[in-house]
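Shared chain: chain A. Partners: chain B in the first complex, chain C in the second.
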Partner chain A sequence: MDALIKRMNLPDLARQQGILIAFVIFLVVVALNSDTFLTIGNVLQVLRQVSIVGTMALGVTFVVLSGRLDLSVGSMLSLTTVVVVGLHDKIGPGPAILVALLVGLLVGAVNGILIGYVRLNSLIVTLGMLSALQGVTLIYTGGKNVGIADPDATWFAIFGRGYFLDVPVPVWIFLGGALVLGVVLAKTAYGRQIYAVGGNEVASSASGINAKRIVFSAYVLSGLTVAVAAVILGSRVMGSQNNVGQGYELQVLAGIILGGTSLLGGSGTILKTVIGITILGFIKNGLLLLGFAYYVQWLVTWGVIIGAVWLDVASKRGSLFE
Partner chain B sequence: MTANAAQAAVSAATEYVLEVSGVIKTFPGVKALDEVSFDVKPGEVHALVGENGAGKSTLMKVLAGNYKPDGGTIRHMGEPVRHNNPLEAKERGILLIHQELSLVSELSVAENIYLGSMPLKSFGRVDWRMLNEKTNRVLKDMHCSFRASDIVGSLSIAKQQMVEIARADAFHCNVVIFDEPTASLTDQEKEALFETIRKLKAQDVGIVYISHKMSEIFEITDRITVLRDGKTQGTMNTADTDADDITHRMIGRSLDSYFERAESEPGDELLRVEGLTITGLIDDISFDIRAGEVVGMYGLVGAGRSEVAETIFGIRKPDAGTIFWRGQPQQITSPKAAMKLGIGLVPEDRKGQGLVLGMGGRDNTTLPLVNELNVFGFMQRGRETALFDKYKKSLQIRTTGPKQPVVNLSGGNQQKFVIAKWLATEPKLLILDEPTRGIDVGSKSEIHKLIARLAEEGLAVLVISSEMPEIMGISQRILTMCEGRLTGDFSHSDVTENKLLNAASPQD
Partner chain C sequence: MKSVNSIDKSMAQDAPTRKSVVCTQHERFLGGSLLHWVGRNSIWVILIVCLIGFSFGSPYFFTVFNLSNILVQSAFIGFLSIGMTLIMINGGIDLTVGSTLALCACLAIGLQQYGLVVAITGALGAGLLLGFLNGIIVVKTGVHSFIVTLGGLIGIRGLVFVYTGENSLSATNMSFMNFGMISIGPVSLIAILFLVFIAFAQWALSRTRHGREAYAIGGNRQAAENAGVKVSRHIVINFMVSGLMAAVAGITMSTQMGAATPNLGTNYELWTIIAVVLGGTKLQGGAGALWGTLGGVLTLGVLRNGMNLMHVQPFYVLVLLGVVLILALIVDKQFNNE
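And then the complex of A and B:
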């Protein structure tokens, strides 16, 4: 296999895109076994399914690029979803969305202050936030599920259920957000500073960059994208359990890693995140279409991530094993 | 294998400990080594010289097992070898002391020396007593002033380097490669290193010595091989050649002068520090710098020079003292505040404080300017590229393009980007902490000329250097520091090496 990797002598680009190649093979295999897999309807369906995780991943990508982690996004999704759904009937959709966004920003800001300014370890802070928010969510709902009384009578439905030009609105939100944030990251001074801080925080500070503020802002952004995802989720389901977001933090990270963004910070793009998240979505969908049980996707996802990371390392050092 | 047995094997098979022939190594876009051949005899010091990016470090990494060559053969004691990793090479007897030190700063001296091959007791437990005894014996042989149990991170760079060298003794290596070992050493520490090298030499160890400092090469080496663009330009006996010849072979032209001093008359006072103190590091430092003045700062490693620079630049907080800028007292609490006044600092530690290694040369060059080079937050790629091109040309930086990550550049070329990024900010006062460390003779003289020219245009410069000829060659005034205190202030016209040395050495 080692010799094979070397002998394949693929152009550099292709070798770096090993994940993509493996994915294309997967697509072909599934498509040969399923008539519906590569239909436009199914593709849009997959995109809609990944739009919630994907939207969250956009903000988390900023956090990861700045050299940190955010494990609290799943709990944050639970909280902001019950907030937006729970308030919908009480204060109306507009104000409910606003409050949810503010909650997202606030939680992000708390993470950001503790990690950016107080300089605590991001793993510990956001792991703590993960469980703290579970508590806050339960306190808010009193343990009961929340719901919207008349789903057909509210314009709130548009975010999760609507279509624009035959494409689901959540897909527009996800891809539109990706476009905007992708441009921010690639073209702006702010994006440059995110990469710089993630690449070398000491050198960035010594170059006059306010690294604390940059880290803080990444968490605020992460909180914001989670709240947007909550609006999609709430609108789609029109109700919410206290733990809807459970496990989302791992899916988000899985997509980011699969796309090829380095967990060490400083290297990666929004496009990579979009690709990683989308691939994960197609794998799950493909497995279901092939008739595998629902839980198989978790195992396969894990395998895919290990495979992707391994292939990446192997192509860098030119052999599968050290 | 012990050193003696290794020695016997050498003389039996061949007169060389190491023979390299036709070695090729390519990186994407660069042929770093293009059929390089050279050899090392036992008991000789063989210099390897060449411009920044010529391929010296790459060649040494191939020899030491860090890289695999794409072609060619390496013979160690007459036997063809192909190391898969540095540990294999070390166990065979080839040790590379890196350009960038590669110690684990949290571990003790002993652990670092025997990393990966610690003496063990039953059940895989480390035999600490034996480890420390063995290490202390090696350290004593080398006249080191620190002990096996000291934590490496607490030692000076010079001492850390001694730790690396101690590995050679510990593993009975018969080929030891030094990649720019004196870059961070003062002259005294260099003498100690040379003493060690002579001792290794007396034990018939073959030594490869990479350096950009001609004086050292002519002092310590027996033969010289010149590398240029990945090709060897011949090997000479050191006794049969001179610095001009070597320089000519390296860069293809002769250098008329190595140093150039600014001719400007200093203008108004720009910076004045009074009573600057950080407990335990610097003590009651007062001096001033005028516009257009080049001030050198000399001292031993650990004298507190970098700490003074970092305090002026807002990285460290002083416990007492005031900084005046154009006569006004200032609170400089961050690099950003210092930059606003017009101060730039080329830091000593290029990888830690200087560069974002994963970024391209262009983005590194413009990093201090991110907040200027944009319109409504959007970076101006055109202006960035123009700056990159300008400094690539004037500092002769060898890189394949604006996006090539600086981590893939040679040490000297990385250093040039650190200088470039601070020149690009067009400061009023530029503090340079060991600015030409690792830079080849040709570029070095270009940088000195550049500093002189900028000073003549009104830039104030504070140069910290441990290299006496450099300090004496380019400064108009020289300050000396010793153990945290300022001990001298000399005009270039009446300074001598001895005066500087005396002022910089502890008086007891």
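And then the complex of A and C:
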């Protein structure tokens, strides 16, 4: 018995899995105070709400793992959403989706060239893109909102509003994407190269990895997942404002950090991102069900993000304070 | 003791040699220190080019009224960029400035029922306290300032909404609103305040021990610590300066508008970073100056104002700013990073 307790080493467990333990406690507290919280309907609802941020976070995880940041995803979401919604009535849903995906790939490629090949600082480049894409979005729409005239008459609705086997289609896209990209990251040579570049770029180049191309590809992937998220968002709302994606870059980063992926690169998984994003979704949903105003979740997010990374850093360091 | 000596020696040897290499290269190519100066102060060259260009573009641009207007418009981002420059020289970043600005602006208006002194001190105190909180979390937990202040950006905005309950607040005290209108000659008091603060900060950075050690921390934190620099104290102080400056920006902004909204200052952290980076301060730390930051702040202000006067739609200004930022980065790489 003593040996067992010693092996479990409670403080260590609290440090390593602290955020999950805190999350379980939170789930129990909310569930005791709300009948609807842990019903299948509500859980699916939460998953559907996080599917847009979650899908974006899948691509951004590749960027973060390669040791870079992408702050432009929020503006990119605005742009690709107004593109897909704006073109829907003009050229039909199929071509509109295709153009939106191409725009996402193109913007990702521009980021990738500037950061991967020209080797500029990713924070500043994507900050510049955040501003520039906001402008491009406004130029494209002329400052007006865009919308789809007849939401009930188009198969475009399936991406945001449809169900497959009683589960919302966005959730299938999010979790399906997570499965595919998770396998790519964990099981392929390409995935290992992403970790290698993020872990030690000089060493990875010395061992024959084309770091420039790897970074480039991570940004292209990020652009693609943002465009997919835009299709979900556009289909869900059937319209779009110019600033619809504002602040999404922060939510994406918050989820990735909360999951335990290191912002320095080289350490993290797709599963961690899915967990982090989902936890944020449940916190938001739970607080609303408990009757708090929506902005209370921001206060909780503040503590949760810093707390999660602190526990992570502390468990590696072996002490709580520096 | 031995390690301290060797680090000192290596630092002392390293700095002058690197500088002299750069000088000789430029001298070899163009035989002048002019190019060197331009390379280091490119933002002022860009600013002068913009000033000349817009003067030809619009008859209303180069007037005393408009120029003093630009100064006031730039002052708010300017206050924020003072703290941001200091923190970036330390090798950190502060994403909370926009949210802190909003909280302090709302406090400066909301606390006026208890008197003007309480309102102003309350707002300044809140800024200092939040800066202290950011700084102490950064140095005590060892979590990177980007993450700490990303959390703060979201959380402090939550505090603003909790305090205001989503409502806009408007000022009741007339003398408070008059403060924003005071000007000495053609120059507004808010702009003078900004220029005085940034001059003082530049003096502190180049003439005091705190300033010198700020560069040392950003250049090589471990080496600075080994050399006996009180790293934690310096970092906390700079975060407090940043919080205080955000409070000043929030208070002056609310005096000018006579009101405060909970969404005030959204995205200001991004504009501030753009201004500071345009001014030549490095995100990696260890290099930068408020002289350059002033150039960056003014360039942003001139670009927005000038494009506006030339009837360019504000949408294009956003694109231009993004492009300018990335171009500045490429130019900087060409000059300083062979």
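A few notes on this one:
What we mean here is this: the second predicted complex is superposed on the first by the 309 of 322 C-alpha atoms of A that agree within 3 Å, B and C clash if a C-alpha of one lies under 4 Å from a C-alpha of the other, contacts with A are read in each partner's own complex, and residues count from 1 in each chain.
The rule is short, and it goes like this: contacts are C-beta pairs under 8 Å (C-beta built on N, C-alpha and C of every residue); 3 or more make two chains touch, one makes a residue touch a chain.
In this text, all values refer to a predicted model and were calculated from it rather than measured experimentally.
Of the two partner chains, chain C is the only one touched by A:Val313; chain B is not.
Once the two complexes are overlaid on the shared chain, A:Ile209 sits against chain B while remaining clear of chain C.
Of the two partner chains placed by superposition, only chain C is touched by A:Leu253; chain B is not.
In the superposition on chain A, contact of A:Thr188 is made with chain B only, not with chain C. Measured by the number of chain A residues touched, the leading partner among chain B and chain C is C.
In the superposition on chain A, A:Val125 makes contact with chain C only, not with chain B. Look at A:Val136: by the touch rule set out above, it reaches chain C but stays clear of chain B.
Using the contact criterion defined above for the overlaid structures, shared-chain residue A:Leu114 touches chain C, although it does not reach chain B. By the touch criterion defined above, A:Tyr295 reaches chain C but does not reach chain B. Once the two complexes are overlaid on chain A, the chain A residues touched by chain B in the first and by chain C in the second are 322. Contact residues on chain A toward chain B in their complex (touch as defined above): 12, 187-190, 192-193, 195-196, 199-200, 202-210, 266-267, 318, 322. By the touch rule above, chain A contacts chain C in their complex via residues 114, 118-121, 123-125, 127-136, 138-139, 143, 246, 250, 253-254, 257, 263-264, 293, 295-299, 301-306, 309-310, 313-314, 317, 321-322.
By the touch rule above, chain B contacts chain A in their complex via residues 28, 68, 85, 313, 315, 334-336, 339, 345, 347, 352-359, 363, 367-368, 370-371, 373-374, 377-379, 421.
Those residues of chain C lying in contact with chain A across their complex are 137, 139-144, 146-148, 150-159, 161-162, 166, 267, 270, 273-274, 277, 283, 313-326, 329-330, 333.
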